[in-house]
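So, here come the structures, one by one.
Below, chain A partners chain B and then partners chain C, in two separate complexes.
Showing the complex of A and B:
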């Protein structure tokens, strides 16, 4: 167990700087890079954690850590072993970004046939790569941080709450809530599809702010009414494929898309 | 009340006088939908030509100017052994609204009852609402407007001046000294008999243009009786629990408060965020118990607050019939359809 030394106080309460490690499995490492992006708050951010392993930022490594942030999905057997090892050490295991939470963009290949994908991606130098799976298929995940990529601001807030010992909560409402607060024109009015009504908020309606429909990178909101969105998409003239492509893009809706595939023409899924 | 007629070209002068030293908010075209129809929004305007005085209804109400979606309420900062508190009502100078329809003025009047008239008035709202200068504007009822059913198709107070388009000129009702004084800057005339008759005719014509209505007879009682009605389940099945209806509504005022600590741990603040009773955790309390876990229960309470609870407290509904919630709802849940289903009417 790491030795926790209070470094600073807030209102007389000691703050802890947990030993933290960042790991990546199969991913683009974009989420980790995102963390280093906001230079204005970078030093403050780094000072909150005692970072012992961060490939994007430093070279020396340590096997002692409290919190493990793991980016990426699991695609190979050696990653399965690594993940289990990390779980043994970590008090808190954080699935960091949509790949780790849901399989992410990687999991699209699960439906495409692995030989074809391997050839397309690696050409004549194939590497071992199986189905892309979320971390929780293999180990217990204590905390999920959604997004492809994650939002730096949100991660900062989470780390601050960890330092204070406060509960970490995610928005439970869908993207529409934030989209309306930003007074965007609804993409359905513009004749475009959008997964905002069923996708977990917290991104501040990142895509609709630039007039792009949401692709659901944060997975389902707490009370996502996917059957109803299916009806809405149909009414607005979008095909079942358009909806499925979006639902399948990041893996957050896998539970539902499998049901869709089984009942492509059925109007309502049984509850 | 004082009445005047104002030639159309004079209105630009009035705008210029007002805009010279004030922030003016008016209806503008924010874009076009996929059918080429304009989409209107309230925005700050500095050029009279950008105001769309013939606008239908803005997609979203003007509420960000008096009930911002997000607002920092209070905060503090620690400086060594000292600390400072920060409270800001978030308004530097009053707003002038140039062209609010009657429903939106009535919405402000309703909000006043709750946010100014209650035991604990809300200073953040009061600071923005007091000194607001409002020019009302008549309108043509749209297929989704049912303000007449809600008694909100005419505004009797809550504005400084109200304009009715009579072709080449406006008929102006002047309610406040401020408006009277501003009007000294432009040419106005006393309405002649013919002008007054014309005005009466226009008002009467407008009343005939409503195509949708909500029967509010005994509605509070009917809602009470039909609390267990199956129709709630049907609507609940459609609802996306997205909160859009409340976000666009000019009278929804519910909010949540979040406390955050700055990353340098020297500062902290309380932030208010508008919320909606249709969101899943609206009735969740400490310990995690949720009194309204199901969508139909939450949707029902949106209607109960607007059309029953508020009526019992204030003898009027908390809905002005602007139709925005129904227009914005992707699941096509509209007030007229919901109320008529509760009343057992064929839709």
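Showing the complex of A and C:
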């Protein structure tokens, strides 16, 4: 699929198809699948990129690429090495999804300590696994794409910007803004908890649109006011535990959840 | 005759997750054939301990991006069984329709994007976009319909937002469902053309006798809950699933393995079909006949065809389900949930085979123990023994290295393994 000639134009400017590779570390592969999964725009989307590495979809692979999309968190030493290797080649390294950005659901095991979780699942059978970490604990990350899973529309916009050499900006406002624009009934009024007031927007209030409270998968909005949310939660009769469960689900709020729990291994295995 | 072959495939492509194939042949005799799982464990069963029940379906869906709906439904069923909640008919039907559409999108993803390139001699589906655009467009059309229906019922196609313990957060619009009816009808035509395409493929003629495990149908082809059955004559209750899986650890894999009456067994579309053939929709039965697929079939490559047959089955059954749902008035979307102490098991047939979730709760609904047994974990041992026999067989017949390598990859792909899921 190699093609270095500008094949498309966008607003009169030539668009190069950047050589792009996809990799996954510890993940559910859901973020990559989102790319194959939006059928209406799949074929258009694929034509924006020169995909040289996408193990989930193709046999061929190449070590030459400009952009690396990396899904998943880092939990094992071979992943640390792989990540460093990718960093050497990639001009642009993208943390793709909340596992890569914050550790994702995987980091929830960190609160329990590696030895205990290994014993709980594998008994005495030896396995290697450490603290689940976001990519930026190991390498420099040029761009983060938030979400569990990522939102395909947002990724398409981001990729067009990359191809045009434009800066990528994330929304600074919270999910609540989008939710109100979508004219949803607020979940608090329906008796459900929601992290919308403090979570970074960009998902178009994906969960509240389905009458399901936000769990904060995109991490904190700028100026996230946790204390204010705590008050709202309390007023509506939700426990501190309900707030904590949501805050610690995807790892984006780790600087707040550490006040809830002290992690025994953070010093040893963390950065 | 083969002198020496060394096949070493690191991170096999076009499967979900990370697995390696290693084959060593010397003087036409097999020295080693290994299916290694090197995926990193994520410890879902441990990280849920101490969490409240409501975390489980939301978090466990993240075990797998491809079958997140199936995981969510298995998790919900386990919790409902533990708390003594019986879903309403409306909830049952909507869940089954959602499940069918996940099965369809997953089977089509596998058949067209992961499996077909081997039969068409390409490394991926991408070159087909130029050489055979109709084929790709057809695949995309079927998948899109399946995913659109998942969005409509489950809130979104990956990591659903509307599926909760007790029912749904909200219900789809009836006019949306109405609109899907005609698209489902159109898709039946696309599936017939898909069958014609697969009839042109040469399915390797390889068999190794094994045991097949699945849910046991009572009056219909089973997908959500019920008794367990094997082709070797074992039957168990859903809550006795551990006696059906007998998981154990091995050195060559970070996923556990499973066994029952023999050294290995298989789960998935072929296993379901082998155990529940008589419950197939007549249109699906007709496709099975075209490929002379009938129980008990022991050719692992026929799992591809079983997926095709099931695709036809679920589309036809979905048409009937949509009609039934449209014919009845909407009831409350959800029931109230009152936690209680106890153990609950949820068995669900997900695209790659039978999946079990099991939780033990204290009286405040906090998780004391969690166990998830994944279809691909149950298949790993069977893949290993198939691989040994396949490599030995083709080494003897003096096949070229390249051919053995391709056949070995095709064998593993036929199981449609979901490796990160199996390690979880």
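Here is the rule we go by: the second predicted complex is superposed on the first by the 239 of 271 C-alpha atoms of A that agree within 3 Å, B and C clash if a C-alpha of one lies under 4 Å from a C-alpha of the other, contacts with A are read in each partner's own complex, and residues count from 1 in each chain.
Here is the rule we use: a residue touches a chain if its C-beta (ideal position, glycine included) is under 8 Å from a C-beta of that chain, and two chains touch if they have at least 3 such contacts.
All figures in this text were calculated on a predicted structure; none of them were measured in a lab.
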{"item": "More chain A residues in contact [chain B versus chain C]", "value": "C"}
{"item": "Partner chain in contact with A:25 - chain B first, chain C second, else both or neither", "value": "second"}
{"item": "Partner chain(s) touched by A:140 [first = chain B, second = chain C, both, neither]", "value": "neither"}
{"item": "Touching partner for A:198 - first (chain B), second (chain C), both, neither", "value": "first"}
{"item": "Touched partner set for A:109, first chain B, second chain C, both or neither", "value": "second"}
{"item": "Contacts of A:156 with chain B and chain C, given as first, second, both or neither", "value": "first"}
{"item": "First (chain B), second (chain C), both or neither touched by A:176", "value": "first"}
{"item": "A:36 touches, of chain B and chain C: first, second, both or neither?", "value": "second"}
{"item": "Sites on chain A touched by chain C in the complex", "value": "1, 24-34, 36-37, 39-40, 42-43, 46, 51, 54-61, 75-76, 79, 104-106, 108-109, 112, 116-118, 120-123, 125, 127, 129, 132, 148-149, 206-207, 209-212, 215, 241-242, 245, 249"}
{"item": "Chain B partner contacts - residues on chain A that touch it in the complex", "value": "8, 10, 15, 41, 44-45, 48, 156-157, 160, 164, 172-174, 176-177, 180-181, 183, 185-186, 188-191, 196-198, 221-223, 225, 228-229, 232"}
{"item": "In the complex with chain A, residue positions of chain B that touch it", "value": "30-31, 33-34, 39, 41, 59-60, 64, 69-70, 237-244, 247-248, 260-261, 263-265, 274, 276, 279-281, 295, 328, 330-331"}
{"item": "For the chain C and chain A complex, residues of the former touching the latter", "value": "11, 13-17, 40-47, 49-52, 54-55, 58-59, 62-66, 68, 105, 109, 113-114, 117, 123-127, 129, 136, 140-141, 143-144, 147, 155-159, 161-162, 164, 169-170, 249, 254, 420-421"}
